[in-house]
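Common to both upcoming complexes is chain A, partnered first by chain B, then by chain C.
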Partner chain A sequence: MTKGLLHPTRRGLLMAGGAGLLSAALPGYVAAQGAPIKIGFQLHRTGIGAAYGRWYERTAQAALKAINDAGGIAGRPVEILFEDDATDPKRGSEVVDKLTQSDGCDLVMGTLFSHVVMGSAPRAGELKVPYLVCSEGYHVASGMLNRWTLQPGITDVRSQIASMAPWVSANLGKKVTMIFPDFAFGYDHRDFFTAAMAAQGGEVIAQIAIPPTETSFTKYFAQIPAETEVLYHVMVGPAVLTFVKELGEFYGSGAKPQMFGFIDSLEAVDTATPGLEFLEGTHFWEAHNRVKPADAGEHEAAYRAAVGVDDNGASVSDAADIATYSHMFSTWETLFAIKAGMEASGYAGIADRQKFVEAMEAMTDLPYGIERPQGAKVFNGKTHQVFGTQNISQVQGGKLVRVHQTSMADGAYEDAVDYTTMSF
Partner chain B sequence: MKVWALHLALIIALAVALAVLPPYPATTLARILVLAVFAMGYNLAFGYTGLLSLGHALFLAAGVFAAGLSAQFWGLSAGPALLLGVAAGGLVAAAVGLLALRTAGVSFMIVTLMFAQAGYLTVLYFGTITGGDEGFNLPAASRTVFGFDLSTDTPRFVAALVLFAVGLLASLALVRSSFGRSMVAMRENEERSRMLGINPFAVKLAALVLSGLYAGAAGAAYALLFGYAGANFATIQYSILPMLYVLLGGAGTTIGPFLGALLMFGLIEVTSRMARLWPVLEGMDYFLIGAALVVLVLFAPRGILGTLRERGLKWLP
Partner chain C sequence: MAFGPFFLLALMEGLVTAAVLALAASGLSLVFGVMRVVNVAHGAFFMLGAVLAWAVASAMPGQPAIAFLGALVIAPLLVAALAALADGLILKRLNYDPEATIVATIGLLYMIQQAVLALYGPNANPVTAPFELRLQLPWFGYSGYKLFVIVAAALVLLALWVFMTRTKVGLIMRATQVDRTTARSFGINVDRVYMGTFALGAALAALAGVLIVPIQQAHYLMGGDPLLLSFIVVIIGGLGSLRGTVVAALIIGLSDGVISMFFSPTLAKIIATLLVALVLVFRPQGLFGAKA
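== the complex of A and B ==
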C-alpha cells in the first residue's frame, strides 16, 4: 500500500499538525520580540516649565533616534509617546495613568518640575510602573517617594549645591548673601548651601527669599548687607530675566560683591542679552556647559549635533533659541540608562517591570561616553539617585567659559534612604 | 418623583460604568466624581445663591491639607481625615464669608480671590510643614477605610462614587428645601427677599459654608484617593475650574457640575489625542478648550442643562 499525500500516516499527520501550529505561533512570537518598546514621556509642553519642555522633547527625540539607529533596545525598536502635563501635579498624575493604562507604555519618564514628580509618583507606585524622573530634585534621594521612582540621568540639587561651596569659599569670599525663590526649590539651596559653606569655614550672612508671584525685585536687593562678599542667586520661572536685569540696574556701574548664580536664573536666556552686561566676570553653576569648552570630551560634538545645538548653546536653526543645556542632557542620559537597564534585566514586556527596577538598582559605575555626554556618573541603587561632576563657569566676553570642574566627592552626602529594602 | 428617579438612575449608571469600564477611563471617572463634588459645592454658592467667588481653591486646599497633614503627622486613617477635611473646608468658608460677605458682586470676587491668594502664600510660607510648592505624598497606611486600601482600584471607585452620591442627593434635597428657595431668592432679588423677612447675610453665609463643606470633602478625598497634597490645589486655577465646570454643565442645576466636569475632562482627552495625530495642535489643548468654552458661552450661556431646562425640561432641578 503506497503512502503519499492522499494517504498520510498518523505520524505524518501529527508532524504536519505540529508544523502548522508552530508556523501559526511563530509570527506572533517574532512580532512580540520585534514589537516596539513604548516609553511614555511626561512633558512640560505648557505651563511654567514650557521653556524646559521644548528642549526636553528635542533631546529625547534625538536620543531616541540614536538608540533606534543603533538597533533599538535588545533588538527591539523604541517609540516615545509624549503627553503634556501642563507642569501641573494633578494633571501629571493623570498623564502617568494615561500613558500606562491607556497607551500601554512600558515605563514613564521625563518629568522635570519637582511638584509634578511629587504629584505623579504615588500613581506610578500604585500602577507599579517604573517612573524615571529628570528633575534634579532631592525628593528621590531623600526617601520621600517609592521604589518605582528613580533618577538615573541627573545629579540631585543637594549634591550640586554642596559641591559648589569649596570653590566659592576658596575663590570668591566667605561672607555670602543668598537670594532664592520662596518655595521648596529655593529652600534646598538655602539649607544645603548654608550648611556646605559652614563646613568650608564660610558663613551665609543673609537669606533673602522672594515669593514666586513676585514680578519686581529691586526692593529685595536693598536687603543685601553691605559686608556681603558673595551674592548667591538662583531664580526660576517667567520673571528670571526681569530679576537678573533689575539686579544689574541695582548695582549699576558701582562696586558690587562677587556674584555666583545657578544657571537656572538664565536657562534659555542669552547671556549677551542687552542689560546683562553687568554679569561680565560673574560665575555660574552649570551641569553641562552651554558654551562648548575648549577641552570638551570626545563625544560632546556628536551630542551637540544630535540635539541640534551649536557651540554657543543655541539651536543650530535659530541662534536666538538658547537651549536649556544644563538640564536637557538628563533626558538623553535617562533614555540610555533605560536601554542599559532593560538589556541587563532581559526585559521582554510589562511583566518584567520589577526586574527592570532591580537591574537599575544594581547599576553603579556609569562611564563617560555618548550615552553620558555630561560626564561619568555613579548610580546609587539604594537611593535611586545618580551622581556626577559639576562645572563653574565665568561670563567672559558675554559667554560662559568653564573655569572649574568639581569632583564627585565634593557633592557626596550620607544616604537618607535604602529603597531596596522597600517592597514593590 | 421623576427628579429623584433621574438622580438615582445617574448614580446607578455611574456605578455600572465604574464596574465595566477599563482601568484608565474608570480611574478618570473617579477623579471626575471627586472634582464634581467640588463643583457641586461651587454651584450651591454661585449657581443657586449668586455668589460669584474666585476663592474656592482656598476651601479645596483646606480639605487637602487638613486630611493630608492629619494623615502625615497624626497618622489618621482615611475616614477621620476626610471628616477633618470637610470640617476644615466649612470653617475656612465661614471665616472668609464673615468678612467677604460684607461685600457683593465684583468686590466679593476680588476679596475672595485675595483670601485664596493669601491662603496659597500661607501654604508656601509654612513649607516645612506643608511641603511648600512640592507638597508631599500621603503615607500608605493612612489611605485605608474600613480595612480597604484606597490606593487600589475598586475601593477607590466605591469611595468616589459614595462621596459623589451623598453630595448629589444632599444637594438635590437642599435646593428643593425652603432654605434652597431662600438661596435662589438671594440670587434673584436680595432686596425683595429681605422685605419678605429673610436675612440675606445669614442665608449667604450658610450657603457659602455648605459650599465650603463640599469643597473640603472634595479636597480631602482627592488627597486620600490619589495620595498627594500640594500647594497647587490652592492656586487660582482651582478657583476657576469649578466655575468652568458649572458654567459648562449649567449653573443652578444639580447635575450640571458633574456634566461640566465630565465634558471638560473629555475635551482635554480629545484634544490631546488630536495633538498626537496632528502635531500642529501640540500644546494647543487648552486653547482648543478655551475656544470650545467661548462657543458655548456665546450659544448656550446657561450651560448645557440650563439650556435644556429653558427649552422644555422645566422640571430639571
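== the complex of A and C ==
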C-alpha cells in the first residue's frame, strides 16, 4: 500500500481522478434538481392480492417514468419506495409506519384490498401522512376513515353499482342472485346493488357470501335459487379462476341464468381459458376496457405502450400474463393527482402535508388526458372520492367487447360525509 | 334446487373433500403414530406437491394426461426426498423430542413456504386436468375429474393399508410404533424406519396436493387449510390410527359438504372445531386411538 501511494500506477491515478471528478460533480447535479420527492407504495406483492400487485407495480413504474421524463413534480425528481404488505391488514399498518417513519416518505399510496385499507388508514391518520388508496371500496366516501385518506384514482363501488343496476334490470332480468366476497368490499356490493335493484323495480332474491380464502366453490352454487334470472358475481383472490371454472362445470350445458359479473372475477385471467366457454354472451362491468375498443380515446394507445399492455389486455412480453386492466389505471391516475396536488399546494416537504390534502380537496374537474387514461373524472373534496364513467362489456368470441358506457350522472349519490369539516 | 339433487351434490362435494383430507391426514397420523412427531410442516409438503406438479406439467407441455402422470410420480418422490433430508438433518439431531420437533417443523414450514415464494412466486397457477370430462346430470353439471380424485385417493389408501398390514416393512413400522426400544433390541434400525416414515408421510401429503391442483391451482399459501383440517381429522380419528383417520375424514368431509351447502361453510368449520373440543374432553385418545 505504502509503495502504491508513493509510486502510483497509471491506473490508480486514473481511478482516483475519475472518482474525484464524480464526487465533485454529483452534489452539484443533485442540488440543481432538488431532493427527490419520496412516495411510499403499499404493494400487494405477495398474499391473495399478488396478481394485482404485479400490475400495480408495473403501472406505477410507468407513470413514474412519465412524470420524471416530463420534469418531475414542481421540478423535483420523484422516486417510489415499494413495500410489500402481503395483502394483510396488520402488516399493512406496519408498512404505513415503516414508509412514513423509517423511510421518510412524503406520502403513502397504492393499497387495493379493502381490508388492508381498513387496517392501515387509522395508522396513516395517527401519523398525519396523506394516504391515497386505489381500492374502489366505499369506505372512503362513507366517512368511516379520516381526513388523511383520499381516493382520487378510481370510482368507488357504490357509484359503480348505482350506474350498473338500471342497465342490468332493463336488459338482463329483475330477479337477481348475488355472489360476493365475505368482507367489506363484498358488503358494498351486497348493500348497494340490492338497494339499487329495488329502486329499479327489481329484486335480489338470494345473497351468497364466500370467504375470500375459499378454494372450492361448487357448494355455494347449489344455493342459487332456480327462479334466478340474473346471476351477479364478484370474486377476488388467487382462486378466481377456480371460481369461474366451477361455475361453468356447475351449469355445464344445461339451462343457466343471465350472468352479470364484475371483472374482478376474471382479472388477470384469460377469457379464452379452456373451461370458460360458458361465459360467451355473458356481461361484465369494466372500469377500463381490457380489449381496446374500436372507438378508444386518443391517449389509450400511448398508455398501453407505457404500461406494456397489448390491445388484448395482455403483457407485450408474455401473452399469457393478463393485466388487471380495470384496476391498475388507478395507480397511474393517483400519481398524476399527487403531482397536481403537490404543485397546486407549493409542497416543499413533509411540513406541507396538510397543505397538500387541502389542495387535493380543492380539486373538482379532472378532464380526460394522458394523466387520466380511463376517462374524465370529477373529484368530490368533501367525500375525498373521485367519480368517473363505467363500461359494460359482453364476451363475444372469447373476447370482452364494450356494449354500453354509463354517464357520470348514472353513478351519482348523496354525500355521506364532509371530511373538510374534520380536524387534521 | 330440489332436495334430492341438492343432497347428491352435497355428498359428492363432501366425498371429494374427504378423499383429499384422508390422504393428507393419513400422512400426518402415520408420522405421529410411529415417530411421535407433530409435523406442523405437513401442510407445506401438501403445497410443495401441488407446486411441483405445476413445475412438472410446465416442463412437459403437450399431453396433459402424460404430464399429470409424471407429476403424480415425480412430485411425491421429490417431496419424500426433501422430508428424508429434513429428518436426517433436523429431527434426528433433536432426538425426536416432542416439543423441539414442533418448533423445528414450524421453522421448516416457513422455510418451505418462503422458498416457494422466492422461486415460484406469489401467483396461483393452474394445472390442466389429465382429462376433460363433464358429467351433465339433469339438475347440474359435475367435473368428472373430481370423481377420479375420490377413486384415486381410495386406491392409494387401500395400498397404504395393505402396505402397513401385509408387508414386512409395514410390520417393522408397526413394531417401532408399539415400542421403539424393544424394536431396536430386535435389530430394527429405528433411525431408518423414522426416516422412511417421515418421507412416506410427506409423500402422502404431496400426493394429495398433486390430486387437488387441477381443481384448485397451485399457490404458496394453500397449505394452511389442509394442515388445520388434517389436525382436526387426526385428533378426532385418534393419533396413529389409519382406520380412525379415514373414518374421521369421511365425517369431516361429508359434514363439511352437507352443512356448508344447506347452512353455511362457516357453520361447518364451527361444528368441526366443536367436534374436536368434544373429542378432546370426552375421548382424548380419539375415536379409534389406543389409550396413551
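Criterion: the second predicted complex is superposed on the first by the 390 of 424 C-alpha atoms of A that agree within 3 Å, B and C clash if a C-alpha of one lies under 4 Å from a C-alpha of the other, contacts with A are read in each partner's own complex, and residues count from 1 in each chain.
Here, a residue touches a chain if its C-beta (ideal position, glycine included) is under 8 Å from a C-beta of that chain, and two chains touch if they have at least 3 such contacts.
For clarity, every value in this text was computed on a predicted model and none was experimentally measured.
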Applying the document's definition of touch, where does A:F250 land relative to chain B and chain C: first, second, both, or neither? second
Go through the superposed model and pick first if A:A121 touches only chain B, second if only chain C, both, or neither. first
For A:P211, decide between first (touching chain B), second (touching chain C), both and neither. both
So, A:P274: does it touch chain B (first), chain C (second), both, or neither? second
Could you say whether A:Y368 touches chain B, chain C, both of them, or neither, answering first, second, both or neither? neither
Using the touch definition from the top, say if A:A222 reaches chain B (first), chain C (second), both or neither. second
Determine, under the contact definition given at the top, whether A:Y413 touches first (chain B), second (chain C), both, or neither. neither
Just checking: does A:L241 make contact with chain B only, chain C only, both, or neither of them? Give me first, second, both or neither. second
Partner chain in contact with A:T46 - chain B first, chain C second, else both or neither: both
Note: overlapping chain A surface for chain B and chain C spans 45-46, 50, 211, 213
Show me the residue ranges of chain A that touch chain B in the complex, using the header's touch definition. 45-46, 50, 81, 83-84, 86, 88-90, 93-94, 97-98, 101-102, 114-115, 118-119, 121-123, 126, 137, 139, 144-146, 182-185, 187, 211-213
Quick check on the complex: what are the chain C residues that touch chain A? 1, 6, 9-10, 13, 17, 117, 121-124, 126, 128, 132, 134-136, 138-143, 215-217, 219-222, 225, 257, 260-261, 265-266
Chain C partner contacts - residues on chain A that touch it in the complex: 45-48, 50-51, 53-54, 210-211, 213-216, 218-224, 226, 238-239, 241-242, 246, 248-254, 273-275
Contact set on chain B toward chain A in their complex: 22-25, 27-28, 31, 117, 121, 124-125, 127, 131-138, 151-152, 222, 226-228, 230-233, 237, 272, 275-276, 282-283, 285-286
